[in-house]
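Each of the next two complexes has chain A plus one more chain, namely chain B in the first and chain C in the second.
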Partner chain A sequence: MNSVIAYITFRGMLGRRRALLLFLLPAVLLLLSIVLRVTGHSDLDTATALLMQFGLGALLPLLALLAGTGVIAPEIDDGQIMYLLTKPIARPVISTTKFLVAVVLVIAFGVLPIFVSAVIMNGMTANLATGFAAGALVGGIAYCALFIAIAVLSRFAVTIGLIYALVWENLLARYASGAKTLSIRQWAISVTDMITNATAVKADVGTATAVPLLIVLTVAGVVFAGWKLRTLSITGTD
Partner chain B sequence: MTSVIHDIGYRHYDGPRLGRGYAVRSLFVHNLRAAYGLGRPAKAKIMPFLLFAIMLLPAAISVAITAFSASAGLGKSLPLIRYSAYAVYLQPLIAIFLAAQAPVLASRDLRFHVTPLYFSRPLSRLDYVLAKYGAVATALLILLATPVTIVFIGALATEQKHLDTHTVQFLAALGGCVIFALVLGGIGLVVAAFTPRRGFGVTAVMAVYLLSSAAVASVQGIAESQTRFGIARWAGLFTPFDLVDGVQVWALRLKQSAPEPPPSGLGGPVFTLACAAIVAGSLAILYLRFRKAGAQ
Partner chain C sequence: MSVLELRDVSRWYGNVVAVNGVTMTIGPGVTGLLGPNGAGKSTLIHMMGGFLAPSSGQVGIDGRRIWKNPSVYRHIGLVPEREAAYDFLTGREFVRAMAKLQRLPQPGAAADRALGMVEMMEPADRPIGTYSKGMKQRIKMASALVHDPPVLLLDEPFNGMDPRQRLQLMDLIRKMAAEGRTVLFSSHILEEVERLAHHIEVIVAGRHAASGDFRAIRRLMTDRPHMFVVRSSDDRRLAAALIADPSTRGVELTRAGLEVEAVDFRRFALLLPQLARDAGIRLWEVAPADESLESVFSYLVAS
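For the complex of A and B:
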């Protein structure tokens, strides 16, 4: 953990137009939940559907992709990372700091809005809000670790991350249920299911599988990013 | 003191001037090639061709299964994928292709500040924008129409019943592909043109697709369960794939592939107008965006 790198990364993430998207994504969720609340359609099943489909299904992976790749990929692209790598700072410290920044951003712009949205719709009924917040938290951390590892590995990190989140977790999981076992979204739902009493939350993966896999993926992603950063080569394709 | 202009031997160009039309055509071809990574390093070719290959896979599998079940004589042969449903079923892939490749065309000229070089040629701002738009739309059309054509060839090869209906449906679906290409290309280019930083444009285009479709899907699901079918149908207006599918249903008389059909009565014309507005609006926004692009 290095506070200067963390500060610079935060500034890079929040100081540009990128920040607009960070604010816009949770705003849509909050807006939808307020509309549901005001029109009186915010029963437990509806709230669950919105949080599952929109919160965990779209908002969380997208935010984690934006944060997880955004903290490091642009610097690798334009070569600025060299100025960081030539400082006497251990490479794993650099990548871990950037990973933590991404996690903080996901918590601020993803986990908190999901919690608030659940509270708006249902209060604290059936532990729905805490359940989804916990699921989003562990899912968000795992997504960040995965995406930061991909960002160090490839210049097409965003596209690869999208293919994983959309084709694997969405398209393939719909037809081949085996794909669900290796899906961060399903692990997050599993953690949510453990905490909430709402019957509409049904996990396809048991917690006994999901929790170890979440931990393994997160640790592996962070370690890999630090290890890979030691042998990084900078070449352009544009 | 008299000044003299010395002839120091510069020669001026006497060859043919190919003019504006040629410049537009060159720009179009260059951008179309760039959309598939042709003329760029091998690494830039991986993604578009990988996505193109995945896009063809379901068509090939569908034809293979139908051909196999027909030849094995399993009684009734399994139907092929519907032509007009192909784009709707595989929309995540199409959206990823658009998100990955639209910034290649729209962002790089802005990021490296080379638009003044283009505009110092006999090429107007509108020509430039039209060439880019045309290139994106054509690239998408290739992506969308190739698998549909494969399915149709499969239908011909396996001698499906009612081949005349097949032909009509296929041609109508090709029309649908053109509308898909125009609408999606416009949205993708506009978003990418405002996010010149590498990688960010991809996420921004994707965010527009993913947020609109996820929000609409949730609203539709909720409206269905509250038996508000009108709201569920009108909601399709706000996500590109449902929108174009609505036009396919209304204008091209095809079967609905999106979760909800367009609202009856006024719905079809409104959906069609919305498509036209997206195409015209994105052209206008792109024109305004690139008009002063060199100034920064």
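For the complex of A and C:
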């Protein structure tokens, strides 16, 4: 962890135009939950549906994709990363710092809004808010680790990440149970299910599978990013 | 005093060879890395900067390997070719951050010193995004100088600069060298390298084509046969007059005009207008046929 790199990365993330997306997605979630609450539709089942479909299904992966790739991919793309790499700092420190920045952003713009949204709709009933917050937190961390690893590996990180989140987790996992086992979203739901009493939350993957996989993926992603950055080749323009 | 050493360095991408068996030692003073675009200059600088592993051979500084060895960055300052440099930070914030990343004891003072060296104190509190090309180049220099490294690597530092900025940067580079630093810069423009470098390394098509001071390189370049295309009011008579002089080795009459091969460039350049005037021939066009840098370099490689 290096505070200077963290500072520059935060400035870069929040200063860009794409930072608007960071604000936009949670704003939509909060707005929807307020509307449901005010119109009296915020029963446990509707709240669960919103938090599952929009919260864990769209908001969380998209935010993590924005944050996880955004903290490092543009810098590799335009060569700015050279200013960090030409310092007597172990390269894994650079990637791990950027991973932590992404996690903080996902907590601020994803996990907290999901928690607040659940509270708006149902208060603390059935541990729904705590459950979803915990699920979003572990899921968000795993997403960030995955996306930062892809960002260091490929120039097409955003596309690959989108394909994973949209095609794999949303389409394939719906029909193929094998794909479900390897879905961060399902692991997050599994953790949520463990904490909440709401019957509407039904996990397809048991926590005995989900938790170890979450840990393995997170550690592997962070370690891989650091290892890959050590040998990151920046090719010349000629 | 630091020395960069390349021993039998090659780099290939798949089956494309970018750098082929280059051996050179770069010591204090200004060294120019000269070569046409695509010759492998950037690949070489990237290897010296630790951004690229040599496919074979060794790249080191004072006996230490550069690849996968971040501790060498205490001794190297690198100015990348690309312009992007954290546009959202002010110049001072940027240089200060670099000082902190170098773990300097007084990053603020070091940053101010570096900003002073490149004469960027005044605009230091404006965001880098608002800087001109020359200012960006200087702020990049400041970031590379902030830890007072003995070795400075500059990748195409004059690209896109106007003449005034070019002169300022040349002064700055001379100053860095006068302080005992080892400064290496790449360029594809002979005049730039000639004006600035006391030592020149020429790279052509990935190979080390020539090495020496600028006089030696200049001689190599002017002594080669020059090809000219000449159109005149009487090509045949002009051809006869030219071939009578030893500065011309060959003349060919073509539909497009005369193709002249001159062996003594200086003499030929003086002779041609004199001959034409004396013989009452009007010159319509005199154009070098092979003045492209590539042809100059390929001549060097062949010799």
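Definition applied: the second predicted complex is superposed on the first by the 234 of 238 C-alpha atoms of A that agree within 3 Å, B and C clash if a C-alpha of one lies under 4 Å from a C-alpha of the other, contacts with A are read in each partner's own complex, and residues count from 1 in each chain.
The rule we apply is simple: a contact is a pair of C-beta atoms (placed from the backbone, for glycine too) under 8 Å apart; a residue touches a chain by one contact, two chains touch by 3 or more.
Every value quoted in this text rests on a predicted model; they were computed, and no experiment measured them.
Undergrad: Label the relationship between chain B and chain C on chain A in the superposed model as either fit or clash.
TA: fit
Undergrad: On the A-aligned overlay, A:G131 touches which partner chain: chain B = first, chain C = second, or both, or neither?
TA: neither
Undergrad: Just to be sure I read the superposition right, which of the two partners does A:L25 touch: chain B = first, chain C = second, or both, or neither?
TA: It touches chain B, and chain C stays clear.
Undergrad: May I ask you to name which of chain B and chain C touches more residues of chain A?
TA: Of chain B and chain C, B contacts more residues of chain A.
Undergrad: Tell me which partner A:I8 touches in the superposition: chain B (first), chain C (second), both or neither.
TA: second
Undergrad: Look at A:T231 in the shared chain and tell me whether it touches chain B only, chain C only, both, or neither; answer first, second, both or neither.
TA: second
Undergrad: Quick check for you: in the superposed arrangement, does A:G68 touch first (chain B), second (chain C), both or neither?
TA: neither
Undergrad: Regarding the shared-chain residue A:P113, is it in contact with chain B (first), chain C (second), both, or neither?
TA: A:P113: touches no partner chain.
Undergrad: Output check: A:G79 vs chain B and chain C. Expected answer is one of first, second, both, neither. What do you get?
TA: In the superposition, A:G79 touches chain C alone.
Undergrad: Between chain B (first) and chain C (second), which, if any, makes contact with A:K87: first, second, both or neither?
TA: In the superposition, A:K87 contacts chain C only.
Undergrad: Can you work out, in whole Å, how close the C-alpha atoms of chain B and chain C get once everything is superposed?
TA: So the smallest C-alpha gap separating chain B from chain C comes to 8 Å.
Undergrad: What part of chain A is shared between its chain B contacts and its chain C contacts?
TA: 16, 78, 237-238
Undergrad: Would you tell me which residues of chain B are touching chain A in their complex?
TA: That would be residues 40-41, 43-44, 46-47, 54, 90, 92-93, 95-96, 99-100, 108, 112, 194-195, 197-200, 202-204, 206-207, 210-211, 213-215, 217-219, 221-222, 225-226 of chain B.
Undergrad: In their shared complex, at which residues does chain A touch chain B?
TA: 16-18, 21, 24-25, 28, 32, 36, 41, 45-46, 49-50, 53-54, 57-59, 62, 65-66, 69-70, 73-74, 77-78, 155-159, 162-163, 166-167, 170-171, 237-238
Undergrad: Write out the stretch or stretches of chain C touching chain A in their complex.
TA: These residues of chain C touch chain A: 13, 18, 37-43, 45-46, 49-53, 68, 70-74, 76-78, 80-82, 84-86, 88-89, 97-98, 100-103, 143-144.
Undergrad: With touch defined as at the start, can you tell me which chain A residues reach chain C in the complex?
TA: Listed in rising order, the residues of chain A that touch chain C are 2, 4-5, 7-8, 11-12, 15-16, 78-80, 82-91, 230-238.
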